[in-house]
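Have a look at this one before I ask anything.
Chain naming follows the written order as A, B, C, D, E and F, and within any one chain the residues start at number 1.
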Amino acid sequence: MTVWEGILVAIFCISMVFFVLIGLSLLIKGFSFILGIFSSQMKQDTTPVPAQSETVLENELSLGILKLKDVDEPTAAMIMAIVSDESGIPLSELCFKSIKLLRQD
Amino acid sequence: MFIEALHEIWKTSGFMALTWQHVVMIIVACVLIYLAIVKKFEPLLLLPIAFGVLLANLPLAGLMAEPASASEAGGLLYYLYLGVKKGIYPSLIFLGIGAMTDFGPLIARPSSLLLGAGAQFGICIAFVVAVALGFAPEEAASIAIIGGADGPTAIFLTTRLAPELLPAIAIAAYSYMALIPMIQPPIMKALTTKKEREIEMSQLREVSKLEKICFPIVVTIVCVLLLPSVAPLIGMLMLGNLFRESGVVERLSNTAQNALINIVTIFLGVTVGATAVAENFLRPETLKIIGLGLMAFIFSTVGGLLLGKLMCWLTKGKINPLIGSAGVSAVPMAARVAQIEGQKANPANFLLMHAMGPNVAGVIGSAVAAGILLSLFG
Amino acid sequence: MFIEALHEIWKTSGFMALTWQHVVMIIVACVLIYLAIVKKFEPLLLLPIAFGVLLANLPLAGLMAEPASASEAGGLLYYLYLGVKKGIYPSLIFLGIGAMTDFGPLIARPSSLLLGAGAQFGICIAFVVAVALGFAPEEAASIAIIGGADGPTAIFLTTRLAPELLPAIAIAAYSYMALIPMIQPPIMKALTTKKEREIEMSQLREVSKLEKICFPIVVTIVCVLLLPSVAPLIGMLMLGNLFRESGVVERLSNTAQNALINIVTIFLGVTVGATAVAENFLRPETLKIIGLGLMAFIFSTVGGLLLGKLMCWLTKGKINPLIGSAGVSAVPMAARVAQIEGQKANPANFLLMHAMGPNVAGVIGSAVAAGILLSLFG
Amino acid sequence: MTVWEGILVAIFCISMVFFVLIGLSLLIKGFSFILGIFSSQMKQDTTPVPAQSETVLENELSLGILKLKDVDEPTAAMIMAIVSDESGIPLSELCFKSIKLLRQD
Amino acid sequence: MFIEALHEIWKTSGFMALTWQHVVMIIVACVLIYLAIVKKFEPLLLLPIAFGVLLANLPLAGLMAEPASASEAGGLLYYLYLGVKKGIYPSLIFLGIGAMTDFGPLIARPSSLLLGAGAQFGICIAFVVAVALGFAPEEAASIAIIGGADGPTAIFLTTRLAPELLPAIAIAAYSYMALIPMIQPPIMKALTTKKEREIEMSQLREVSKLEKICFPIVVTIVCVLLLPSVAPLIGMLMLGNLFRESGVVERLSNTAQNALINIVTIFLGVTVGATAVAENFLRPETLKIIGLGLMAFIFSTVGGLLLGKLMCWLTKGKINPLIGSAGVSAVPMAARVAQIEGQKANPANFLLMHAMGPNVAGVIGSAVAAGILLSLFG
Amino acid sequence: MTVWEGILVAIFCISMVFFVLIGLSLLIKGFSFILGIFSSQMKQDTTPVPAQSETVLENELSLGILKLKDVDEPTAAMIMAIVSDESGIPLSELCFKSIKLLRQD
């Protein structure tokens, strides 16, 4: 294969990559648009894409989304700290759904 | 008889058969182990690869020996290598990567895919130069794919096009992926103005779970229809991602991300390393591959940055060109480099999530490039 | 040359080769994915199966291609499918299921085994009707086993008797297993009186650890001696259960329940799905299989319920006939349906544990039925 | 194969299934009986088969079977709740053997 | 026709084919299960082995059957056994063991390696006696390796030298490893004085992380160069240890220690057990092997203790000879026995860590012995 | 093979084992010596080899090596006990790097 042919192949290759990925990007845009129309009727089960850094996230994490059953906030926070410490997962990435206390009598 | 037996043992020992090439390869292996452990160069793959190089170059161990006959057993690594030879391991690694990857930022801003395409520029440059240096087209394609900055893709393509170059290409690919934090920043500073690097980007929109579920299905259908040869990579990547996003098969997603990918990584690394026997590694080609690989990485970064600058100009400064460099894949290292450089220029600048889009697009981009090269030369 | 290459890519792209059959199969795959994710139809298997259907019907991807020669590599799924073809995966899944299953309720009330036998009634009915519809006996047996409501057993028998029907039977089996909460309740209400459904059952006796350990050994010896062909299923099921109950090999039990079964499930699901290529799926037989499968499920439920009524009458109202319907296997879904229906009739009625006996007996029952069919037609 | 033969096969098949499973059931009964005699001499390491619903079970779970070393019951309950929450295993299915406190000084 | 079918089923049932040899083997299997569960004899391997013996001796199950032709499927265990036959499983188990083993105590006191060498004494004695009893040299070597007290090594060597003795040797090796707490103490008391057993040893020096990382690399290079045939064992053992000590590939280390080793253990155990069919197990050779194995264990312990006494004398009482008995490997059971016996003589005596050195040295020692035997007879 | 030959093989085998393992032991000694020289310049990241029994170790484990952030010692001890109990790892083998409290307000 001559260098000239090589250059042609290379140009062809990069243009194909652009062609496929631009096609994909348009498709995703179209799809998102269509799904956006549908989703107004549907129950929105969305997950936010965090755009800020993790340190910011840690502060954003509010206990408000936690269902606390008979547990006061400090205890809940301690439990979360324990789990985070144990598992090695930073608190910002842990998701607690509920913390409930069993018989504090 | 005693002397005879001792002689027998000595004759069959590796010391007799040791050549200076073996010694050089053993030193290479030790250097790679050093880079993996102390410098933390992608240790998950480089450490097994390095140990594979070591094992393969201790003479007479025969770990890669083909079975002499159907009834005899071959070497341990010969059997484990079958998964590389048949292209099974790279696909299974992609399954795990898919299960680990969040394509959300890409869906939120589909134009990221352009940056992921631009960052395949180094593949083209390296291909042309490799052809000019006298490599056969199949070899040139395999070398060029190093610029895709994606280990499993490089291994997949190389096993199909130029298996004799496998160890050099795999080692170069993973080493340069680890060197991203050293290779990219100077280029980023050279090609962008401080003002461009300071650009803060608007927050990405929320992506619905439905979009995330549809994404792998749509990508699979489109990519595999266009480029059937890429099916093992894109198909498995997207299956893993579907496991992740569907939310109904957490068991499978966890196993794909842990036990399965780890087992395959061990087998892949050790056996790819074990192909680096002195005869086909200590050649001038290896040095050329290492040089071409570096060039491919540099030009991929350049391509991504230039396209980033173009998009910055087209959107009138809404896109920070730094995220273009993340398009080389090397998830998530390249995105982190973009974040760091952005924050250096402007401490309030958080590019990480914006760079994740081009970053994961780069994985798709290199797989597509591999598919095209495979169609042309496979 | 550029045009030529483009033409080459286009010719080798899947779009050229796409037929309407492929499109139909892709739609089928998407429907299955929808059922798996949104309707949660046994997603652990249906999702991989559906994705396998998708991958196999994107033309020219060649994922199931046999290697053209010994030196060339075949398709990825061709290699993974070997585990299905050789009957390895279903057995390993049974190993995991055994490690997950508590046979305690069955040991506490061995008469549950009768209900587990009665609920194989649908197998017989479906077999006769399938023969009447013109299926060969091997095919009829494979179709009938859908009535056993046990996925791995159905796949195991079908790969040995009628491999060309594998995708239809596997999909039907898993879909109907997921539909148990819709299929069974009307039949349960039609065949039992409210008074019967209200019956509360006496608490099960405690089962000693010793009994639980002896159980898998005894069942293995008896079943495999009687029906040697069922050894891979019953043997592995009971080995897994022995791991669980022995209490001394927790490591092995955990791995059998997690990493191993999950890896095998991924490979099994995707490759079984990938056998559903248009040519052998888009046939009238597939519709017949789907119909026969539903019939088999219905009559299995009927069989279990009728035997439950008989046992209720024999024990003078000590057995709630609803637990008979749990004999179809589909652990633990069928037992839960019995619990729900029982509680609807009588809020103080807790049938779950009582229904678990027939439920796990149903697994043994279908494996035994598969063994008999294999002896007759294998 | 004629339908008639098919019916015969079907009858044969279902009777074999009954034959095997009835055999098994008798065998298990016999075995349990024999083991029952033995187990009176042996140390009984039995596990109860829960016949009630899980909610009932949760109430049945007494702290009595727990060996508590220097830990008061509320703390023990909290620990159990934490572990249950973390691991995702309902409390009714978790089995604690002992909870001990290390230096409460 | 009904009668015919019943006759057919009966003819193909295992009861017809059952011989007294099968019954004996089933009883052997049940005894082994009893030992594994109740007596806790190395249950991780003995339980799968015992169940394999059971499955292989239920006639006509054909679980180990070779495929009759290329298109037909063989028995389940036939396929799983390939990993034993090709020597893959023992190596992968060594990978996991390496990831579990801390060679720190050995590095802190390298003279432990001598004790690990002394405790291979039983291998030599058993070899000579086995030759005297008329075994072929390959068989004698395989039997002698039981004295290495190391299951995977014994299986590895036996599959290469005398595969027909595999089940007897594997069962003997694991059973005696479990019996260490009964076999060793009387010998320890007979060969050492109370004064010797009372010796307290000085605390081991700290071992740096760097030493721990270099250790597996150095051992691999030296051992494999000297004895290339031992590469699959020592190479994988040291790779696992490098995973552990490098600290940068925790994922791989965890998987090697858990999912991978457990999966391989299940497959290895069941299939090794399944080679114990009546014809090649119910022979006088099996009894001889069991006797020779016990002898090998006893003389290995004696060898370790005598060398311990010698080192005690040479160091003027700084070495407690009890730690010599830990050199037989059987990690960590033998080290615990040394600890217990030491503490019996002197309650302030903590030998555990001191005994871990010879204990892990014993693993290397048996692998080296296996390599030598393989060079001589392989 | 005669018994005599067998004895020769056995002697040869055991001497080879000794030869290899003594060689290894010398090599490790040498290596440790060389590394010891190097390590004086390098940052020492050493792990102690426990030579005493586990029970002794348990007493040695001081909270001093723990970084406690806003957590009092009893709480830290309790957390450690929980983790030890849960994971089944004896306390002597667990290594805690830090325990920190998240918002005790």
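Note that contacts are C-beta pairs under 8 Å (C-beta built on N, C-alpha and C of every residue); 3 or more make two chains touch, one makes a residue touch a chain.
Quantities reported herein were computed from a predicted structural model and do not represent experimental measurements.
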item: Smallest count of steps, each to a touching chain, taking chain B to chain D; value: 2
item: Separation of chain C from chain A in steps, with touching chains one step apart; value: 1
item: Far-end chain from chain D, centres as C-alpha averages; value: B
item: Farthest-lying chain, centroid of Cα atoms versus that of chain F; value: C
item: For chain E paired with chain F, centre-to-centre distance based on mean C-alpha positions, whole Å; value: 24
item: Euclidean distance of C-alpha centroids - chain D vs chain E, Å; value: 35
item: Rounded Å distance, chain B centre to chain E centre (Cα mean); value: 39
item: Numbers and ranges of chain A residues touching at least 2 other chains; value: 5, 9, 11-12, 16, 82
item: Shared-contact residues (touching 2 or more other chains) in chain B; value: 5, 9, 226-227, 258-259, 372, 376
item: Contact footprint of chain A on chain B as seen in their complex; value: 104-108, 110-114, 116-118, 120-121, 123-125, 127-128, 131-132, 136-137, 140, 201, 203-212, 214-215, 218-219, 222-223, 226-227, 339, 350, 352-354, 361, 364-365, 368-369, 372-373, 376
item: Chain C partner contacts - residues on chain B that touch it in the complex; value: 85-88, 91, 95, 159-160, 213, 217, 220-221, 224-229, 231-232, 235-236, 239, 242-243, 246-249, 251-252, 254-256, 258-260, 372, 375-376
item: List of chain D residues in touch with chain E within their complex; value: 5, 8-9, 11-12, 16
item: Chain A contact footprint on chain C (complex, rising order); value: 1-2, 5-6, 9
item: Complex interface listing, chain B residues touching chain E; value: 5, 8-9, 12-15, 18, 26, 30, 33, 36-37, 40, 43-44, 47-48, 51, 54-55, 58-63, 73-76, 79-80, 258-259, 262-263, 265-266, 270
